[in-house]
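Chains here go by letter, A, B, C and D, matching the order in which they are written, and residues are numbered from 1 within each.
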Amino acid sequence: MKHHQFALTPPMGWNSWDCYGATVREDEVRGNAKYMAENLKEYGWEYVVVDIQWSESGAESSVYRPFVPLEMDEYSRLVPAENRFPSAKGGKGFKPLADYIHSLDLKFGIHIMRGIPRQAVHRNTNLLGTTKGARDIARPNSICPWNTDMYGVDMTKEGAQAYYDSLFQLYAEWEIDFVKVDDIADSKLYSTHTEEIRAIRKAIDNCGREIVLSLSPGPAPLEHASLLEEHANMWRMTDDYWDKWELLYDMFERCYKWSKNNGKGYWPDADMLPLGHIGIRSLDGGGGDRWTRFTKDEQVTLMTLWSIFRSPLMFGGELQDNDEWTLSLLTNEEVLYVHQHSYGARQIYRENDCVVWSARDRNGNTFAALFNISDEETTVSVDLEELNGSESKLARDLWNHTEAPISNNNISYTLAPHSCKFLRFS
Amino acid sequence: MKHHQFALTPPMGWNSWDCYGATVREDEVRGNAKYMAENLKEYGWEYVVVDIQWSESGAESSVYRPFVPLEMDEYSRLVPAENRFPSAKGGKGFKPLADYIHSLDLKFGIHIMRGIPRQAVHRNTNLLGTTKGARDIARPNSICPWNTDMYGVDMTKEGAQAYYDSLFQLYAEWEIDFVKVDDIADSKLYSTHTEEIRAIRKAIDNCGREIVLSLSPGPAPLEHASLLEEHANMWRMTDDYWDKWELLYDMFERCYKWSKNNGKGYWPDADMLPLGHIGIRSLDGGGGDRWTRFTKDEQVTLMTLWSIFRSPLMFGGELQDNDEWTLSLLTNEEVLYVHQHSYGARQIYRENDCVVWSARDRNGNTFAALFNISDEETTVSVDLEELNGSESKLARDLWNHTEAPISNNNISYTLAPHSCKFLRFS
Amino acid sequence: MKHHQFALTPPMGWNSWDCYGATVREDEVRGNAKYMAENLKEYGWEYVVVDIQWSESGAESSVYRPFVPLEMDEYSRLVPAENRFPSAKGGKGFKPLADYIHSLDLKFGIHIMRGIPRQAVHRNTNLLGTTKGARDIARPNSICPWNTDMYGVDMTKEGAQAYYDSLFQLYAEWEIDFVKVDDIADSKLYSTHTEEIRAIRKAIDNCGREIVLSLSPGPAPLEHASLLEEHANMWRMTDDYWDKWELLYDMFERCYKWSKNNGKGYWPDADMLPLGHIGIRSLDGGGGDRWTRFTKDEQVTLMTLWSIFRSPLMFGGELQDNDEWTLSLLTNEEVLYVHQHSYGARQIYRENDCVVWSARDRNGNTFAALFNISDEETTVSVDLEELNGSESKLARDLWNHTEAPISNNNISYTLAPHSCKFLRFS
Amino acid sequence: MKHHQFALTPPMGWNSWDCYGATVREDEVRGNAKYMAENLKEYGWEYVVVDIQWSESGAESSVYRPFVPLEMDEYSRLVPAENRFPSAKGGKGFKPLADYIHSLDLKFGIHIMRGIPRQAVHRNTNLLGTTKGARDIARPNSICPWNTDMYGVDMTKEGAQAYYDSLFQLYAEWEIDFVKVDDIADSKLYSTHTEEIRAIRKAIDNCGREIVLSLSPGPAPLEHASLLEEHANMWRMTDDYWDKWELLYDMFERCYKWSKNNGKGYWPDADMLPLGHIGIRSLDGGGGDRWTRFTKDEQVTLMTLWSIFRSPLMFGGELQDNDEWTLSLLTNEEVLYVHQHSYGARQIYRENDCVVWSARDRNGNTFAALFNISDEETTVSVDLEELNGSESKLARDLWNHTEAPISNNNISYTLAPHSCKFLRFS
């Protein structure tokens, strides 16, 4: 499908949620964009994404203030809170910020909630491109379980598609490149909102701009894999992910289950990378302002799994505070090569919390990731025959940039708990 | 518990829903009250209940108009729409209508929805008895699945109990005798709202007036029987009930399951009686303006089951249009005696859709209801030994006012499909 | 119903499971019976119950040996393993042991599994009173999730009722007084087995002996309360209960939910008392051979809750090893009076893990149990007005046999964590 | 994976279930094989599969006789009942029948149930290659919900893998080419039996013969798609399928959901084709001995959906009774070309029960299937741009072998209810 062209490799970027919750300000976005342009762009990082509630002038943390007024235009469309995004003044919306990010040769993304603002519905405000009002298209019993901003839209109603079209028309005017739609891929109250996914797909197709579509939150049900693959570029296969080992441990099973469901342009999403300096104004994930609680071994394990699985990579920390170690995780070209250019990733082995994944590229290389996700030191061995059906003489360690000869077409590593080896065989 | 004194026998009355949906007007309420006073009061009928959305000036049928404005006082409390209830003008609320109904020596009931008006929450209007506003006590993700008027109340918040207290203070000022609280006994989204049931119990206890508490909709889960019995006077054990045989058939199982869960002052409720002229301005139940679709046999079966089970009896038709037959169903003193004075009802037998219930009174009488709920003519027999452990010589037919001798302490009737016999043994 | 006469007060006795798992021997049963006759009978304890797998000659612990042969008579009925129950030799079954227990003026109970032995079904052995064989009445896909002895019986088949009748005919010949039927009140695979409950009720009614019927395991669903109350004398409202505080904590909610569902002759069952010396040959409950892990406060809390709720009391420890403290828990006449003679028990209050229950007797006494089930010392107060609507001057402490004056018709106790006060007001 | 090589295109063959239930005899198998060799082989049909219970000498229909003895060898392995498969006499098993089928240049398949015979477990018979007995490896509470032959195997037990290895060793000796394992892909009691799927995969890998693995019954959960794709060649995505329109209607949604989950060697299976003469000795599906109840339009719709989706094609009728029409459905080379050689099938459109699927081949052809699955005549149109992104001048009708010019790169057909068009564009 045409829109799959918008993200032929899994997107890489930065998202404001893990560090700033619902509160990020324009200066912070610009700062992270500048850092990305200077330090990460050459490695493939390109999206700068403003997460939830940029219309809420009084947002204080990751805890939403229920029922508070939001900034909205005359057509019931939310617009940036000017106190937080000064360049939006004069009705300019996100256009000036997009211009800045584009000037750095980066791409700009925003978060939106499924639906139409409740404040619009209760006031029955106007919509663009239809004589119907906000009240006419709202779906009465469709809410988000964790945020009070919106009502769902009833796509059987006249004016419903016009409303979604008007949103993406505005985002196209702002020159947005990426939209993360929330409260849509899964809902504890209603499961997946399939009709609104279809409507948003149509709205993007109608808007004339190549906008990458990301769906949240997870875990999106596998039952809807076909729909997600056809309509989105990425979708969350997990609930909110944070710097806790049990969540990383759990991701191995999720990746296994979703490993057949990606392709050029559509990517199951293991969620953002809670690395570096996070929790600055976010209470979500339970840690407060902190350096990631993952150990270095765990951080490498995370980056390895995300890379071989080819999840989108959205860094969640304040980039400007990165230390050398954190930066090194994001700039390892040999690792990112797998993320961008491999295919056919699959778990070939899991026993006693030893897990092995493999993938290939179009140049005859095979990749293997050996994980010890138990709490004990363990030896993980792989018969290379199983990996690629051919013989290899040399294993390249992608994290350490070292090489080691292989004997008997078999490799074996003793791995510390929660650690891994990421290898290439030519 | 003290409030169980408010309804020592299962309440009997009239409710506007089955005939007028959300639209009943004051003249219609008065008309039905007058009819009740003149024709039914002497048989025990006493409650006149205005059902849902009396604050909605534009209500048109049983289909709610989503998100429309409601009439509300300065303390976020809904008040009657004056175009529909002219006596409410000048801020008098339901007091004048209550006065009229009391002048007929009847009791007055109203319906309310669990929660606080969404319009109050979005405007953050004032509450009585607390400095908190509507926004402070609303529970963000608590809605009714089928009506957009209210948000639930978060009882952990300061001001929450004050709000419910203020509601019942107002109803006490209006001299309301009966409140049917909806969206509380069961919710397809959230199950039973136990905390708001407790809060409403407290609010009634605090209000200084004896107000019967009825909880809807059903089916209330048996899992919460203890809570319901302790806090309410009646609660719905069924989803909305209409004039369809399959719903009546299904009620036998429901009555069986709930038959141990009544007592002086607390009554599982099999819902209103969709008899006589119904559907006048209601589209619910799928029949339009009509005479009840139940056959006469089915109507007798319904009245017999409700009576021996001791469900509250709330007539749903337009009383003023009653024909002689319908009136006769409501004025059979021998049948209503069982409803008001029996105890110990239980299903003693069910096989092949032959069902037998029995009950007793304090004067040594035993009652038996023999039902054929199959679609074929069937003979139903009962050994009287099983019923009351003693010998009877004579069976009194409560619907026909006839008597027949009993031989061998056994009775046997050939019953048409969907019909029954209701008997007394002395 | 007539069979409710068999247990007009909640049964009290001893059961072999908590100390001996599936392995109890005749000498141990006799020893406990003798102890009961000498030490407990005068306090109301009377049932001696042999729990599961008395037909299994090789039983080693509470872990069942799957698919092993069981002792069975010519009619597909399980009989005692003679190596474990020597008096059963010569086809005498449990009759000699029953005689011994009756000679002590006690009552004898046994455990059975729902269904018919799988070994009978696979061999298609004979049944008593029907020409059908075991294979004809077995229900193909009805198994117990945790034990391989039996298949369920398909009650629609000819011979099915005859089989259950033949079982209870045998038990009547053996002069059994109490049968605990397992795998029937709840099943994780199939929920409650209602048809076999009905069949067993009929079989007991047909057998000519007054046999108390107890149904396991729990948690029986409240959904089936009516059925259970009508057909059984007691049924488990909880999964297997052991000496762990979280299970005792949890029982308060279960008791609350089931508190309306007892009556003369039918009793929700909170399971056996894992007190004293338990786990002797049982691995269930995770503790091995041990003295109960409950603290003394917790033991008193347990006995108080079971007594005011009126659960059956089935002691699970090896009685012969009782110390003075344990014996004292079982011989407090003031406490047991409430268990045997009170009525109307209900939880009148629960907040912050302070819980208050009350009950009454026919002599004008009111009982109150004040529990602190939090992990902190807490003060629990009760307004006596709420308890009994009248004024009391004196509170009798049922565990300590002391009295204290009451002022202001209010009582207040500071309670250690997990402890309680059990009081009587005249 | 290597075993994916065994079925690089979706298997095509015949299965005995739809016509003979559990009762097929050797002569019938040979007759169908002969028919296939003479009439169908050249079109790609090659598997001849004996379905369930070939070890049961007394099988009478599709209704299983519970708990009856089965033919078994000394190692607890089921073998053919000699009265039904005379060539098996003398311990030859299915080898002679396989030889015959191979002599026709066809392949031979059998059905087995997951697990080990219950009769082996209860007798604790021997296993091959281990000193453990049948009782040691059976999983106590693992049964099939609809058949009493087997217990599941507990793969954590010593001897468990040896048992499964011994089964496939026997099948390799018999020269079996295809095994349909039942009670494994889905179970209403336990969901998917993942551990036994892994064990059977290993057993086939160990047996030295290329045996296609088919898993039943469905609907297999999408949740386990990764596991199924990796371990099997085909698996049922639907419950048992019969000649009822609502089941065919429903299959469109199932195919949509599974359309991304096939690949060279692994195929979601829409179940057998209940066409031609079916129900001869089968009561399943509710029709008795009959000609398929599908209309001709529905039969074409079925074959079209199965072909473009690339489900395995397993004919269920008695081939020898085929009429010309039925044979024509199985021998349309243009249709079967799509089934064998297309890729990338997907539903590109569904609205108002108009459904359009497309696929491609490696020669630049595009295929489209236009379905009207509503009950009204409807016009279905497709913009060819959407199908293949290029321009076409000519549409080839694959069922009618006709061609029609295309104008405006758009096609439009008025279709009778339940009918379809199957087209190729070059």
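Basically, contacts are C-beta pairs under 8 Å (C-beta built on N, C-alpha and C of every residue); 3 or more make two chains touch, one makes a residue touch a chain.
On a predicted model such as this, the values are computed, not experimentally measured, just so you know.
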Greatest separation from chain D - chain, by CA centre: B
For chain A paired with chain D, centre-to-centre distance based on mean C-alpha positions, whole Å: 39
Euclidean distance of C-alpha centroids - chain C vs chain D, Å: 52
Sites on chain D at which at least two other chains make contact: none
Chains that touch, pairwise: A-B, A-D, B-C, C-D
For the chain B and chain C complex, residues of the former touching the latter: 222-226, 229-230, 256-261, 346-347
Chain A contact footprint on chain B (complex, rising order): 64, 66-68, 118-119, 121-122, 124, 135, 138, 140-141, 143-148, 189
